[in-house]
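Naming follows writing order (A, B and C), and every chain is counted from residue 1.
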Amino acid sequence: MTVELSLAELAGRLGAELVGDGAVKVRGVRPLNEAGPSDLSFLHNPKYAAEAMRSKAGAILVSNPELAPGHNLLVMPQPYLGLARALEILCPEPEPEPGVHPTAAVNPGAVLGEGVSVGAQAVVGPGCSVGAGTVIGAGVVLGPDVTIGEGCRIHPRVVVQRGCRIGNRCVLQPGVVIGGDGFGFATVDGVHHKVPQVGIVVVEDDVEIGSNTCIDRATLGETRIGRGTKIDNLVQVAHNVQVGEGSLLVAQVGISGSTSLGHHVIMAGQSGAAGHLKIGERVIIGAKSAVIKDVDAGQFVTGFPAQPHRDWLKMNVRLRQLEKLEKRLSRLEAMLNERR
Amino acid sequence: MTVELSLAELAGRLGAELVGDGAVKVRGVRPLNEAGPSDLSFLHNPKYAAEAMRSKAGAILVSNPELAPGHNLLVMPQPYLGLARALEILCPEPEPEPGVHPTAAVNPGAVLGEGVSVGAQAVVGPGCSVGAGTVIGAGVVLGPDVTIGEGCRIHPRVVVQRGCRIGNRCVLQPGVVIGGDGFGFATVDGVHHKVPQVGIVVVEDDVEIGSNTCIDRATLGETRIGRGTKIDNLVQVAHNVQVGEGSLLVAQVGISGSTSLGHHVIMAGQSGAAGHLKIGERVIIGAKSAVIKDVDAGQFVTGFPAQPHRDWLKMNVRLRQLEKLEKRLSRLEAMLNERR
Amino acid sequence: MTVELSLAELAGRLGAELVGDGAVKVRGVRPLNEAGPSDLSFLHNPKYAAEAMRSKAGAILVSNPELAPGHNLLVMPQPYLGLARALEILCPEPEPEPGVHPTAAVNPGAVLGEGVSVGAQAVVGPGCSVGAGTVIGAGVVLGPDVTIGEGCRIHPRVVVQRGCRIGNRCVLQPGVVIGGDGFGFATVDGVHHKVPQVGIVVVEDDVEIGSNTCIDRATLGETRIGRGTKIDNLVQVAHNVQVGEGSLLVAQVGISGSTSLGHHVIMAGQSGAAGHLKIGERVIIGAKSAVIKDVDAGQFVTGFPAQPHRDWLKMNVRLRQLEKLEKRLSRLEAMLNERR
């Protein structure tokens, strides 16, 4: 679908300040190096300022007009947010038709809200409830007694197991598994006896979960993902974990059982947290790092085991000077031996 | 499903010692902080002893009666095992009806044992054999000539590729892939030629495999997971790996090709092993660590490259004292320069 | 399927030098320790030379006849390539019949080339194009307007989302997700606003992608995997990443958004790259390592943060001598104090 708008109209709808020719029309959004005169582009990361100067875009979304003088500009303090809005306006995603595909297997005991779309080969179990306007993609499997809120996008091949609950406006990317059993075994004499995992997963409103990410059901009670949290691909969230609101879990993060994260926590790519920890609000855990004890609110920690980020940076500098240190020591030893 | 039992009956069935009022009835199992008078709860990790004291649970499973005086207690040396058994008794999981869902595609050349259940949209290929009492979940794909034992739970969207063999009483969580091709290429002049992967995967009895975990088929011969081993989510087991019996592979572990693990090995979360290694019995590999050479039986190793765990702990202490070390060295240098 | 050939014929077809009895017939390929008189085996890794000596194989593929004297040998400079070819000849993989399985849901607006096979429960969306000879496995979901080239193997339960393009002769292992949304959010006042991901993924010819690996669609433009690149299981490739030709991404690698890799890059298992980086041609990134700045062509880097591999090796040696260093320092301090 293509939508064409003048820059003046677009500026109005985005709440942006227009610098340049408001009569110019745009109908697509493209990266700086690919955009032509009928495309909008954007400059978010100053690293690409030179590319913006060379760009042939019809207009550029930018935070500061001095970054790309001589171009038609839409100036906003948050050009990346402007991009989000512009994409919604100029490149609206085609919506599937409401209704149930003839190859889907919807249990007669399931309740589908108004305007729900259920894709080909999907499975909706008994006792399920799917809110109005939600799209259930092809090949999705909803186990018995699953609740999905309104306006969700459940992409192809997602599995939500028995009894789990997804809020409103959630996005589950392909291959997500919600409610697989937690990894709980009682080991006696070297034999691992399965502890039945009878809890559920609760995903609050406005959460997005990336492709092939796994969120395990609780042993008892709930594993919970707080409102507005965004989770990237291939992330592991173990049983009974509590993730606060507005948090970001980047790709390949792993969180062990019963650990709780406060609101607005960021775990960077490939980082991890041991089990039964409390991670405070607004904590940042650096990429590839792992925390093995509680972390106070507001800390930025890195490394394994994680330490305050600045200490880690200094430690790395010193590590690379170990050779020099050793030489200084040898020199002193030589001096002292000489004097004997 | 709910089952109600008196504490006296429950103690008998668990083989636990009852401390308190045996006439009290329980019909659910809940965490300490959520349990009410008709719930059983449990205290496994002493970290939660204070919570046990405050709990309103009708009874608490505990290893030592002194940990929660004043409560009705079921005392067992292994309260976590008690929890496993109590959950089986009080919260039995509903079983799907035997039979083949009308939307499933079961090849006429497949053999299904007594009481097998095949879920909606599942695919069972030609030459497959599925043992009695096994549940094949919705959307599962069994390739040609796959063998699944008795009493297994193959959860939704699992794939088992051609010729692979799963033992009895195995549990495969959603999204597991058994028998994808190993990563084998013969590189000549920068071109990577695929080496056909014609071996299989053999999963022995009583193995559990977590959501979206991948176990690759062997180039030749078998990739093998030993009896009673439990594997968490998002784990990678490469071609021709041999995992011994009773081992634990925690989430996001990766094992490279042809490495063998002895019995009762533990690989903690996000750890890894290079290829063609021998990891002895009862080895523990710490979280986020990676082994790049053979490890003798009984060792506990951590770090990258992995070293004995105690050495790693000491090394970390010293690393954090590098600044101090450098200052001591500077002081000596100053002293010596002064004396010149 | 079994094919039987004399060693003389096989040597001819492989272009190998025959040492021994050309009349011997082989009809299988097995590992050294399992092979019998009618099997071919191979010696690729010199680590297994002793096993080759003991092997009962009818013949062994080897680079140097001195490695296994007294056996029938097929000598080739690249025995692993020989193995690849021998497996194709002796153990050809059975091909599914062309045609669409009756349970598949192929949109009438999709175009299937000659000899295409579509498996049970697969979904092919409107506007899709599938090239001649391609196999679409059971449970695969191709979204709208997806293009798949000729001669591909799209294994069970793969998802390719809207508009993405796969080249010729590509292999996608089970559970792969191509074209899930990139992880892009504009955060304002702690609220993460989704940035629509309207770009696509382009996978060039001769690429293989491992089980449950995820390659995200671009925000704008393309995420691209270069010709002949091979990707292992559980790998994360973020939006707008560009991977060059002939590269190898080993299991559990993660590449953050907008990073570009030159041709013939190797990222070893569990390694990572931060976003917006340029990784030059023929760079090697060691296992479990992560790069956080650009890397020049030809470098071999290891560690976190990554440094030249040799420096990393030396640093590790020094790290293990920290105790000794500290003792040397203490001795000097004692000497100097004594002299005061």
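Here, a residue touches a chain if its C-beta (ideal position, glycine included) is under 8 Å from a C-beta of that chain, and two chains touch if they have at least 3 such contacts.
Note that the structure is a prediction, hence the values are computed from the model and not measured.
Shared residue numbers account for under half of those found at the interface formed by chain A and chain B, and the copies are therefore classed as meeting with different residues.
Overlaying the C-alpha trace of chain A on that of chain C calls for a turn of 120°, given as a multiple of 5. If each chain is reduced to the centroid of its CA atoms, chain A and chain B end up 26 Å from each other.
For chain C, residues touching at least two other chains, in rising order: 103, 121, 139, 157, 175, 212, 234, 252, 270, 319, 325, 329, 332, 336. Against chain C, in their complex, chain A makes its touches with residues 29-31, 34, 45, 47, 78, 80-81, 83-84, 87-88, 91, 93-94, 101, 103, 119-121, 137-139, 155-157, 171, 173-175, 208, 210-212, 228, 230, 232-234, 246, 248, 250-252, 264, 269-270, 287-288, 316, 319-320, 322-323, 325-326, 329, 332-333, 336.
Across the complex, chain C meets chain A through its residues 103, 105, 121-123, 125, 139, 141, 143-144, 157, 159, 161, 175, 177, 180-181, 183, 185-186, 188, 190-196, 198, 212, 214, 216, 219-221, 234, 236, 238, 252, 254, 256, 270, 272, 274, 276, 290, 292, 304-305, 307, 311, 314-315, 318-319, 321, 325, 328-329, 332, 335-336.
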